[in-house]
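My questions all concern the structure below.
Chain IDs A, B, C and D follow the sequence of writing; residue 1 opens each chain.
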Amino acid sequence: MQFVHTMAAAAATNTTWTPQTLADRAVDSVPHSLWLTAGYFLLAVVGVAALLSFLGMALIYIERKIAAHFQCRLGPTRVGPFGLLQTLADTLKLVFKEDFVPPKADRSLHMLAPFLALLVPVVLLALIPYSPNVQVADLNIGILFITAIGGFGVMGILIAGWSSNNKWSMIGAMRAGAQIISYELSATLALLVVVLFSGTMSLTGIVLSQQEGWWIWRGHAAGFVAFLIYLVASTADLNRTPFDIPEGESELTAGFHTEYSGLRFAFFFLAEFINMFTVSALTATLFLGGWMPFHVGDWTGFNAAMDTIPPGIWFLAKTTAVIFVIMWFRWTFPRLRVDQLMHLEWKVLLPLGFANLFVAAVVVLTELYPFPLGK
Amino acid sequence: MTVHVRTLDELLHAPLEADSDLTTQEYLVNMGPQHPIAHGSLRVVVRLDGETVKEVIPVPGYVHRGVEKMCEHLNYRQVIPYTDRLDYLSAIMNNWAVAKTVETAAGIETNDRIEVIRTIMAELQRLQSHALWWGVTGMDLGAYTAFLYGFREREIIGEIFEETIGARLTMNYIQPGGLMYDIKPDFAAKVKKLLPYLKDCVEQYETLLSGNVIFQERLRNVGIVDGARAVALGCTGPVVRASGVPLDLRATEPYGAYGKVQFNVVVGTVGDCWDRYYVRLEEMRESIRIIEQLIDGIPDGPYSTIRYNVELTLPEGIHYGQVETARGAFGVLIVSDGKREIPYRLHFRSPNFNNLWVVTAMAPGWRIADFISIQSSLDLVIPDIDR
Amino acid sequence: MDPESLLALVETEHPSIRRRSHADRPAVSVPSGELLAVMTTLRDHADLRFDLLLTLTAVDFPGEDRFELLYRLYSTVHGLWLIVSSDVPRSRPVAPSVSSLWPIAEWQEREAYDLMGVLYDNHPDLRRVFLEDDWVGYPLRKDYQDEYMLELPK
Amino acid sequence: MIHAIKVAQEERLFAGKSVSVAVITRGRPPGYLRVAFSAVTGLLRGLWLTLGYLWSPEAIVTRQYPENRATLQLTERFRGNLRFKFPNEKAQEDHAAFIEQLAHETQTHAHVAADLVREENETRWYHNCTGCGKCQEACPNASIKVFTRQGEILEDREVDRFVWRLDSCMFCNACVQACPWDAIEMTGGFENAVYDRRLLVYNLNRLAGPRINYIEEEENPDVRKRMVERRDRYGGEVPLNGFALPNLPPVTTPMESGSRAIDADAQARLT
C-alpha cells in the first residue's frame, strides 16, 4: 500500500512524520471545537469497550475450539452456527447467576478486586498501535508505562485472594504475587533489549524502527532470545499453563477466584483473555514489527505484494499467531511446581536476560546489525 | 486395661504450631471430598506450613456402602456384580477374584478356553485402566489434553468389552465356572487390530508426557519410598513394584493363563513418583505382549463348565483367593459355614485401601503440588477404598 | 518351603498354636495372649520373614461368643503364605495391636475396629475409618441393627 | 532436568523363585548443553504431537449423541432395559400392512379386519415366561417381582405380573442368565430419564397367562382367549427401597413413608 510506503519512507528518511493517535487528535482539536474533543474521547472509550467485549468473547471461543481440536473433540457446536454464540450464552448465564460473597469475606475489597484485575489490560489496550493512525495514545514513555501498569495487575489477584477469606484463595494469591513480581523482571529485561535496539520507548516509534527488519531476527541472537524470554515471562504473567499455579485447578480448586461467581467471576475470566491479547499484541509490536508488513531484503516484487495487505491485518495476524502459541503451550504442557517456577525465573531466565541485555548493548554500540539501517 | 479410642474431631482440633522462626501458623485444609484431586469423594485433611505438607490424615468413608455386609445376604453369583462396583476400573479382575475363590473352594474345574479368555480380558482391562490413569495423572499435573487422550483409548477398548459382554464399565463377566458369554467369532481379529494402535498410543504417551521436562521434574525424586518400607506399609501393585519389589501375583502365583506366557514384571529402582508412573507405562507394553501371545491360539471348549442355576455351596472354613488387578493384589476372604449358599462373612482385601495408607508416609515434607503428584501416582479408586 | 514344613516350623517355635482345619491354605490358630509373640516370630524368623500383612479382618460368631481375628501374611523373601487366626471374647473384644510390626496394621485395625468393634490395645490412633465418630454400633456384627436396615430373617 | 529412560530385562530371585523383571533405570544425558537440548526437544516433540491432532480432523472422536440416534449402533449384547421376549411379535410387527393384507384376504372392510386383528393381535404378546421366579431369586437387588396366579384352564401356576424395577436394577444380567425358559432379554434401550422415580417400575408382560407353547397347543380359540388376560400397567405398591429380598421380609421402618402406589396420572405416563 502506498500509505505504508509513505510512512515507512518518512520514518526511514528521518522526516518529521508523527502518527495521529486519538489522543493527539483530541489535543489538536481543542482550539477548534470542544465537541470534537469530546467526540474523540468518546470514540476512544467506546472503541476500547467494544474491542474489549468482542475480544473477550472471540478469544474464549477460539480457545475452546483450539483446545477441542487438540484433544480430538469438536468443541462448542450447539449454540448458533458452529457454536459461535456459545460464549454469549455463557456470558448471559454468568450475568444472571447469583453474585455470591462469602459471609466472612471483606465485602468491599471482594467486590473491588475483579475490576482491578480487569483495569490493567484495558489501560494497556490504549497504548497498542493497531495500525498507523489507529491508536488511542502514543506515550513517549510507552514501555515504562507498560511496565509500571503491568506490575499493578497483581493487585487485583492479591486482593481477590486475601479478601475471599478462603485458604485456597489465599495460597493462590500468594503464589500469584510471588510469580508475577518475579517474572516482571525478566519481561522488563526483554523489553529493555528492544528499547536499546530502537532507541525509543514509544510503541509507534518501536514499530517504525522495524522497517528494515523485525527485532526478532534483526537484533542478532539477542533479539530472538529476548523474544523467547518475553514469551515465557509473559505467559507466566498471564498465569496460564504451564505457569498457572495461582489457579492450579487440581491443587487449589480454583485458586484466587475460588469464591467468585456470576459476573465477578466473568470479569476475572475476561481479564485473563484481555491480558492474553494485550501481551500478544505487545509481543507482536515489539518483536514482530507490529503492523509492519513482512519484507525480505530487496525482493521488490515480494515486498510490494506484502504491502498490499493492510497493516491492521498484519497486526492482527501476528497477534493471533502469538495467542495461538500461548494456547498451544497451555494445551500441551503440564504445570510447574512453585519452586521450579522460581528456579526457572531466578536461576535461568533472569541471568539469561542480563547476559542478553549485555549482548544487545554490544550489538548496538558496535552497530553490527545483519541488515544495515536504511540510510 | 482400657483401650483409648480417638475421634477425628480430637485430631483436627489439636493445637497447631508455628514450626519456623517466622510466626506463621500451620493450618489445615481439606483436600476433598469435593476437590479436583479427590477423583471421587476421598477426603484428605492436610496440615500445612505455608506450602509444605506436615501431616496427612486420610478420612475415607464418603462412598462407604457396606458391601461386605450386603454380601452376607447374597449368594456367590450375586456377589460378583457388587465387585464391579468396588474398583470399577478393574471390574473383570475383581470378578475373577471371587470366581477363582469359589472355584477353588467348591472344586469347580475350568478349561483352557475359559482361562485364556479371562486372561485376555483382564489384560485388556489393565490396559484400559492404565490408559485412563495416565490421562488422569496428566490432568492432575495440569496437562488437560492428556486426560482426553487417555479417555479416548479407554473408550476404544470399552467397545471391545461392549461387543463381547454388553457393558463397558460394570461387566460382571467372569462367573464361577466360566464366563457370562462366549467371545464372538471376530473377537480375536478385532483385538489383533487394536494392539498396534495401542502400541502407537503408548508411544504417544511417551512423547506427550514422559519426554516432557516439566513432567519429569514434577515426578522425579518426589515421594520416595524404599522397597522394604513399601512392603511394610502394605503396598501392592505398581506402587510396590516401583520400589523395586517384583511382587506381582501373575508371576509369583500364576493363575489363569499367566503361567503359559512370557512377560516381565516391571520394577523401578528409586521408588519415587516417576518410577510409579513409568512402571505403569511399561506394564501397558507387557500387557500388549501377553495378549499378543494368547490371542492367536484361543483353545476350543465350552465357555462355562457349570450351569448357571446350579447351587454353589462352599465347604465350611476360610477360603482365600486373590488376583493382581491394575492397582495391586485384590483378595477375597470368604468364611463359609458350609450349610447355606451365602457366605457367612466375606471380606475384600482391596488394594486401594491399603495403598492409600502409604500417602501418610510419603507426603510429609513435600509441597502441595507434590502431594498432588504423590496421590496421583498411587492411582486410587475411591469406591474400592470405602467399599 | 512346603506348607507342611512351614506349619511344623511355626509349631516348634510356638507349641501353643493349633493348626486350622477348614482352610484351603496353611493356617494356624493362636491364643490371643500370645498373638504378638507369634507375630513377632513370624515376621523376624530367618526362615519365615512374613513381611507383608495383606489382610487383617475379624469375623463375628455371636453363638460362640467370640470374634475371630484373621491375619493373612505373605513373605516376599520366601514366597510363603499363612493365615493366622485368633479368638477374642465377644464380651470383651480386646486384642493386641500388631501395628508395631507392620505399619499397615494401624490402618487395617482401624477398619476392623470401625466395622466390627474389636479394640486393639497399644494402637497409636484407634478411631473410626469409614463411619462418623458418633456412629452407634459396629455394622459388621451379626446382631447389628439400625433403623435403615432390612430385618434379618428369622 | 531431563533424564533418559532405560528398561533392562533381567532375572531376579524373588519370593523363592526366579522372576523375569524389567528394571527401569534413569540416566542423565552427559553435559549441560545436551541436557538443555533434550529438554527443549522434548517440549517441542510434545508440541508437535498436539499440533498433529489439531490438523487432523479425522482424529476427532466426538459423537453427536442426540442427533445420531438414527445411526447409533449398539451391540447385540448391550445390557440396557430388560424386556420380555415375544416370539410372535416379529411376525406381526407391521400393523397397518397386516390389517390391509387381512382385509384383502378375507374380502372384508378394513374396520372388520381391524377388529379381527385386535383379537388376533393378542398372540403378539404370547411369551415364554412360566413364572418360575428364577430371575427373582437371581436378582441381587430385588429388582424383579414375579406375581403368579392359579391358571383356570391349565390348573398350574402361571405368570400374572412380571414387575421390573429399573430404579434399583444394576444391569448385571443375572436374571437373563438364570432364566431357564429364555423368556427375558436385555435390550439396547437406555433413555429412561423421568421426573418421578415411581415411573421406573415396569410391568413387562402384556398378558397374564401360561407360556406360549401351552396356549398354542390349545386349538379352540375361545379357550385360548380365556387363558390369557390383558395386563397393561403395574398399579401395586412400590416400596422405594426395593421389593423383599428372597429370604428377607420387606422394609417396615422408616423410609417406607415414601412408598406409595402409582397415582393415575403417573400410570398414564407409564406405558
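Here, a residue touches a chain if its C-beta (ideal position, glycine included) is under 8 Å from a C-beta of that chain, and two chains touch if they have at least 3 such contacts.
In this text, all values refer to a predicted model and were calculated from it rather than measured experimentally.
Trainee: So which chain is the furthest away from chain A, centre to centre on CA atoms?
Mentor: Greatest centre separation from chain A goes to chain C.
Trainee: If you tally the C-beta contacts for A-B and for B-C, which one comes out higher?
Mentor: B-C is joined by more C-beta pairs in contact.
Trainee: Which whole number of Å gives the spacing of the CA centres of chain A and chain B?
Mentor: The mean C-alpha positions of chain A and chain B differ by 46 Å.
Trainee: Quick check: how many Å separate the C-alpha centres of chain B and chain C?
Mentor: Roughly 24 Å separates the two chain centres.
Trainee: Go ahead and note the Å separation of the Cα centroids belonging to chain C and chain D.
Mentor: That pair's centroid distance is 42 Å.
Trainee: Taking the mean of the CA coordinates per chain, how far is chain A from chain D in Å?
Mentor: 55
Trainee: What are the residue numbers in chain D that touch two or more other chains?
Mentor: 14-15, 17, 43, 46, 49-50, 61, 245, 247-248
Trainee: Using the touch rule from the top of the page, what residues of chain B touch 2 or more other chains?
Mentor: 73, 145, 152, 208-209, 212, 214, 217, 245, 247, 252
Trainee: Mark out which residues of chain A touch at least two other chains, giving numbers and ranges.
Mentor: 70-73, 331-333 - these are the residues of chain A that touch more than one other chain.
Trainee: Would you tell me which residues of chain C are touching chain B in their complex?
Mentor: Chain C reaches chain B through residues 20-25, 27, 51-55, 57, 59-60, 68, 70, 72, 76, 79, 83, 85, 94, 102-104, 106-108, 111, 113, 115, 119-121, 123, 125-133, 139-140, 150.
Trainee: Name, in rising order, each residue of chain B that touches chain D in their complex.
Mentor: Going by the criterion above, the answer is residues 73-74, 77-82, 84-85, 145, 152, 155, 162-167, 170, 172, 175, 180-181, 204, 207-214, 216-217, 220, 245-248, 251-252, 262-270, 274-275, 278-279, 282, 286, 308-309.
Trainee: With touch defined as at the start, can you tell me which chain D residues reach chain C in the complex?
Mentor: These residues of chain D touch chain C: 14-17, 245, 247-249, 251-255.
Trainee: Would you mind writing out the residues of chain C in touch with chain D in their complex?
Mentor: These residues of chain C touch chain D: 1, 75-80, 147-148, 150-153.
Trainee: Touching residues of chain D toward chain A in the complex: what are they?
Mentor: Residue positions touching the partner: 43, 46-47, 49-51, 53-54, 57, 59-62, 64.
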